[in-house]
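Working notes, beginning with the structure itself.
As written, the chain order gives the labels A, B, C, D, E and F, with residue 1 at the start of each chain.
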Amino acid sequence: MKICVINPNTTSAMTAVISAAARSVARPDAEIVAVTSPMGPASIESHYDDALAVPGILRCIDGHPGMDGYLVACFGDPGLEAAREVADAPVLGIAEAAMHLAAPLGRGFSIVSTLSRTVGHAHDLVQRYGFRRSCLGIHACEVPVLELESNPATSDILVTSCRDALLADRSDAIVLGCAGMADLAAHISSEIGAPVVDGVAAGIGMLSAMAAMHLRTGTASGEFAAPPAKPYTGALARFGRPMTEAGVRRATG
Amino acid sequence: MKICVINPNTTSAMTAVISAAARSVARPDAEIVAVTSPMGPASIESHYDDALAVPGILRCIDGHPGMDGYLVACFGDPGLEAAREVADAPVLGIAEAAMHLAAPLGRGFSIVSTLSRTVGHAHDLVQRYGFRRSCLGIHACEVPVLELESNPATSDILVTSCRDALLADRSDAIVLGCAGMADLAAHISSEIGAPVVDGVAAGIGMLSAMAAMHLRTGTASGEFAAPPAKPYTGALARFGRPMTEAGVRRATG
Amino acid sequence: MKICVINPNTTSAMTAVISAAARSVARPDAEIVAVTSPMGPASIESHYDDALAVPGILRCIDGHPGMDGYLVACFGDPGLEAAREVADAPVLGIAEAAMHLAAPLGRGFSIVSTLSRTVGHAHDLVQRYGFRRSCLGIHACEVPVLELESNPATSDILVTSCRDALLADRSDAIVLGCAGMADLAAHISSEIGAPVVDGVAAGIGMLSAMAAMHLRTGTASGEFAAPPAKPYTGALARFGRPMTEAGVRRATG
Amino acid sequence: MKICVINPNTTSAMTAVISAAARSVARPDAEIVAVTSPMGPASIESHYDDALAVPGILRCIDGHPGMDGYLVACFGDPGLEAAREVADAPVLGIAEAAMHLAAPLGRGFSIVSTLSRTVGHAHDLVQRYGFRRSCLGIHACEVPVLELESNPATSDILVTSCRDALLADRSDAIVLGCAGMADLAAHISSEIGAPVVDGVAAGIGMLSAMAAMHLRTGTASGEFAAPPAKPYTGALARFGRPMTEAGVRRATG
Amino acid sequence: MKICVINPNTTSAMTAVISAAARSVARPDAEIVAVTSPMGPASIESHYDDALAVPGILRCIDGHPGMDGYLVACFGDPGLEAAREVADAPVLGIAEAAMHLAAPLGRGFSIVSTLSRTVGHAHDLVQRYGFRRSCLGIHACEVPVLELESNPATSDILVTSCRDALLADRSDAIVLGCAGMADLAAHISSEIGAPVVDGVAAGIGMLSAMAAMHLRTGTASGEFAAPPAKPYTGALARFGRPMTEAGVRRATG
Amino acid sequence: MKICVINPNTTSAMTAVISAAARSVARPDAEIVAVTSPMGPASIESHYDDALAVPGILRCIDGHPGMDGYLVACFGDPGLEAAREVADAPVLGIAEAAMHLAAPLGRGFSIVSTLSRTVGHAHDLVQRYGFRRSCLGIHACEVPVLELESNPATSDILVTSCRDALLADRSDAIVLGCAGMADLAAHISSEIGAPVVDGVAAGIGMLSAMAAMHLRTGTASGEFAAPPAKPYTGALARFGRPMTEAGVRRATG
């Protein structure tokens, strides 16, 4: 099976972290294809960045057909629904995947995210995915995304934030709120003595399960059928999908 | 007061319909500035279209500073949160505005939308905005957006769909689920004997109220403060915001 | 358009505050008719006061036909549903109106009310109107209604309460929880640097929008049709509605 | 123990039905005091009637001190919160009581009410009391309150309505939606082979339990403490409570 | 009427406390039959204990036919649904009963339980029964079940825990979270000045009401009909129910 | 990695079906250990069966230490919380696992179960796990568990039930509501053209993901720590856990 992991920001150093995390948990028979978005923000830390990361994600899917699953490796889960309309295989976001795996690990989990301005968006995802009972708190460690790697204090800050969250929320598990934290999950877990769920690994696990079961996004209700073909103009003209063949799945660009 | 109405698709005929609806209910002292998105889809009928309409909306806001309010005239309410981070005035979507005005008109309302594939997204907006108690049903009339104007049967189809929805849902009001239906609200209302809420008019009314009260998007929690400056690359490079002045609200492009 | 603002307590000094707030935001073509309840409590600070303010509200509507909207200017929103059955135009309460305008201004709002014994009732309104996601906290400043005007410290107390609420709840806006605070909204807003929503102004804005759109309470489900005629006896005998003409909207008194 | 059953409409024939239902289930050591409202509507079938029944209910409580419990025998549960502020003993409504007893009897219950215009209000009570999971449907039999006794077909209509509700909702029990149906519960139950809960009997049962446990309305949060004393004017002047003794529980009239 | 109170643990000293609490509030015409589980844990303080208490509860019901109601006297409400399938009369748990009686006593109640590891389970019961609005907090006093009687400090610890809970939650009533606290309700109530609801007494009151109304568990939906007969093997072989007569209610053992 | 799949009924033919389904999706490096409950019901079709299956499940865990995950293969998810307290590795139920994998496959899923009497319990699991938004309907095919294999019409009945559910609910995926249907998932999927999720395969996938990430049930809140040691008596005496070593995880039997 082949699983495509998309880094929806344009920072390739972060793609390397994500790719390593994905490979470390993959089935022996799984191939991980890691790609970096070709356009948009260098990191995703606002609704503005989140929205403008979506065109790049859609390009990545268009450029990598024939996969058994796509993982969008940003905790804001940008563009999942649009991606599901155009991908030939299941699409997961890392927030979604992490929460699905964390929920059965105890009474509930705490999310530890980067900047506090992203807490509201994480809260919306919790509501949307149905984890209001399981998510007992969302916390920010206040390290910006691109400093996670460069700041030597990141590991200590995260251990402290996670331990504090566990106590404050009376939770049983931690969900890491950024793809850039993927390489720290094992260390934090051993420090705090609690399960720590990284969404990149969780996403690979869930997509592998779906692939083994030959599951694809369902189109029976029509919502996730291929989008109607129509003209696109301006800087996004190449996102237009051919009008001659209704139902064709890939754009022309 | 000046209110900017953004048609987030690239079809200028639809901008004309929206603009007329906005002007028909505006305060005598309000100026309506109607703009058409400079890029993206010709109509919005899928999650794919919805996501790819957002860059154009953000361009429109950037190109029209100094307003007292911005109305995004597509019932999917695309890009509202990103828009709120960069706009100097309140931002509303027409779905949101229509539901806020319809809720107090009775026990509940029915939404009558275009294609059935958009029903799921409308359902998500209902949940998100808190109208689960008020929204008693969502129905599709199965007329595509760009046929609303051209199809001579549109008016009859909508009257029938709205009347059926009222009965099926035991509702007291109708919310029209597309900006392209704005010119039909009065006719439908007189035919079915029930209040019919068009989101364009509702949005102008709510933004006028906000403007008269000098209300702006709040930034105290940080979530809707100006997005952090950072590099943008590729086809979206011009969306990058200058890195030298933190907090500057407009992009450079 | 003509909008009737009802002060549901019997204190005419408070009617003056409310009336001024209403006029300050009204459209140039709107006439504001401010009326004081002819019976019941001098201020509304308990469920008992709230319930006994309703007959006076219904009298005010009965005595002022021909309006384009009615605003009930008490944050407990007393008697809205009964009023909707008998009024010829839409009816709003100020709590309802304030929350509808405040919700789109950010992640969420805090309510700052008068006495702590009213917090539970405000909580119920939040739930009923669907603002559980948007309302992040309800706080009491512990100034009784009729002291809001007379107490020279009111303004400072409110500024402090609102600033504290914003921080404690991580909210982006304030909703003022009493009609008697209407004249303080602008001052508080400039002090705390966040949008402050007064329900009287919000109600005028929403009713003006409804009037411009020719919206009325819907009666299709029957719930808000005119109440069945029947005998009334005792001290409330004059509230009986004539039995000879089913559907007549006004009482005889 | 003494339990006061209040008929909040002014029709004494209905008080007799209610009183008999109450006595048929009372403990041997319980005294039932049945009273008829001295003012307001002859029956309660609208929000207007519901609101204007409250002053009479409060008069009944004021006129019958020294009880161990008060039951408000109208399915709209009018005025419960105001009543709790002024009564020296617990106060229940029959809708509330019926739902509390019906919930543990199976997967869920159906409510069968009088006129369809009251269905919305019953729905609100279900939400408010927390029975959204248990209440599987609300149905109207379309017999007006005062015809329940006089119409010879009432019994057959109700049996049919209840049987249909059970099937349509896949429910396990019926809650009767009007105090005037109290005398029919046993007959309907034997006809449809399912438990049928009359709120009058349920209320007597719950208040007896509370009395045996010496439970009273709690005042720790302040919400249900005696209402602040203040002037009342006009037709409701006698509802004013003396200003000289804070905390005195009964009005002066 | 005869009501069977089941102590689902095997500690007969606790049965005595429960039995006394039940008798102290019973109707003069009610007979209380108190039984101790014949198998399983000596006290119930974990999900493991809770699950393994159920066979004993089912044995108790099987061994005591002809009752008008069964009360399961453990705050975890173990086995209620299985019990309802096999009992000839209504079945209540003490958590359920206590919450139904406490909800109408004010704005909301606090639960004070034994060990903190049980708080999560109590939270689930609150959600399941629909008391999310009424239950304002759940607290542990950290006294193990079997020390409630023997520890001389229990009473003081509970008074302090209950008083603290009332303040922290701004609640109006206390629900005691263990059958072993039944004898302390009156003392705690007089110390803290707020209603304290013991589930044993509450359950007797609700079952007495149901018995007086001749209510039984409904079987119309089929969920609570007698379980299908089938072979049982191993240590639980005697729980098998005879296969020859479908619908027979009692097991063979 | 080693994953233990527990058939909680005593029918070994069903264990074979479950075991094959598990092996067909397992990672190449995973060992599947399939075990049959040593005691209790031959199939699980009521709350009574469900409750009495739990002791056998706990025996299976106790008898198979050293695993990396345990899957309870009955759609009622019996005994999960008790199992989590005593197992050294994560524990999943098949209902839970199926819903976690099905939710991201579209707008929502339908559950197709065996007998209609189990629909209520499935509904409770949906609520508990947070899938109220995703689960659009629950349907019974009315084939008893032990006839799934023997009845030659099972496959056709299920195809029809699943196709009908998809249309009636406007859903995008099917969740199979019984472990005994595991071998039919692929056939049904190809017949109806929609993803069909079998919980046994889903559970193996999720547990494999957890094992690869070294995740275990969290014990930080204390709820899922080893149960307190205490005496057990009667037929369940062997479930008692030794009192000398607090925290020992396995029972003595």
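The criterion applied here is as follows: a contact is a pair of C-beta atoms (placed from the backbone, for glycine too) under 8 Å apart; a residue touches a chain by one contact, two chains touch by 3 or more.
These numbers come from a predicted model, not from an experiment.
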Problem - Smallest number of contact steps required from subunit A to reach subunit F - result: 1
Practice task
For copies subunit C and subunit D, work out whether under half or over half of the interface numbers are shared, and give different or same accordingly.
Solution key: same
Completion exercise
subunit C to subunit E, mean C-alpha position gap in Å, rounds to 45
Problem - Centre-to-centre distance between subunit E and subunit D (centres being mean Cα positions), rounded to whole Å - result: 27
Completion exercise
Each of the following residues of subunit C touches two or more other chains, namely 84, 107, 119-120, 127-128, 133, 170, 221, 223-224
Handout entry: Residue ranges of subunit B in contact with subunit C within the complex
Key = 25-29, 84, 90-92, 96, 100-101, 103-108, 128-134, 166, 170-173, 185-186, 189, 193-195, 197-198, 201-202, 204-206, 208-210, 212-221, 223-224
Exercise for the section: Spell out the residues on subunit B that touch subunit A in their complex, using ranges where they run on. Expected result: 10, 38-43, 45-52, 54-56, 58, 79, 81-82, 84-86, 115-121, 124, 127-128, 144, 221-225, 227-228, 230-237, 239-240
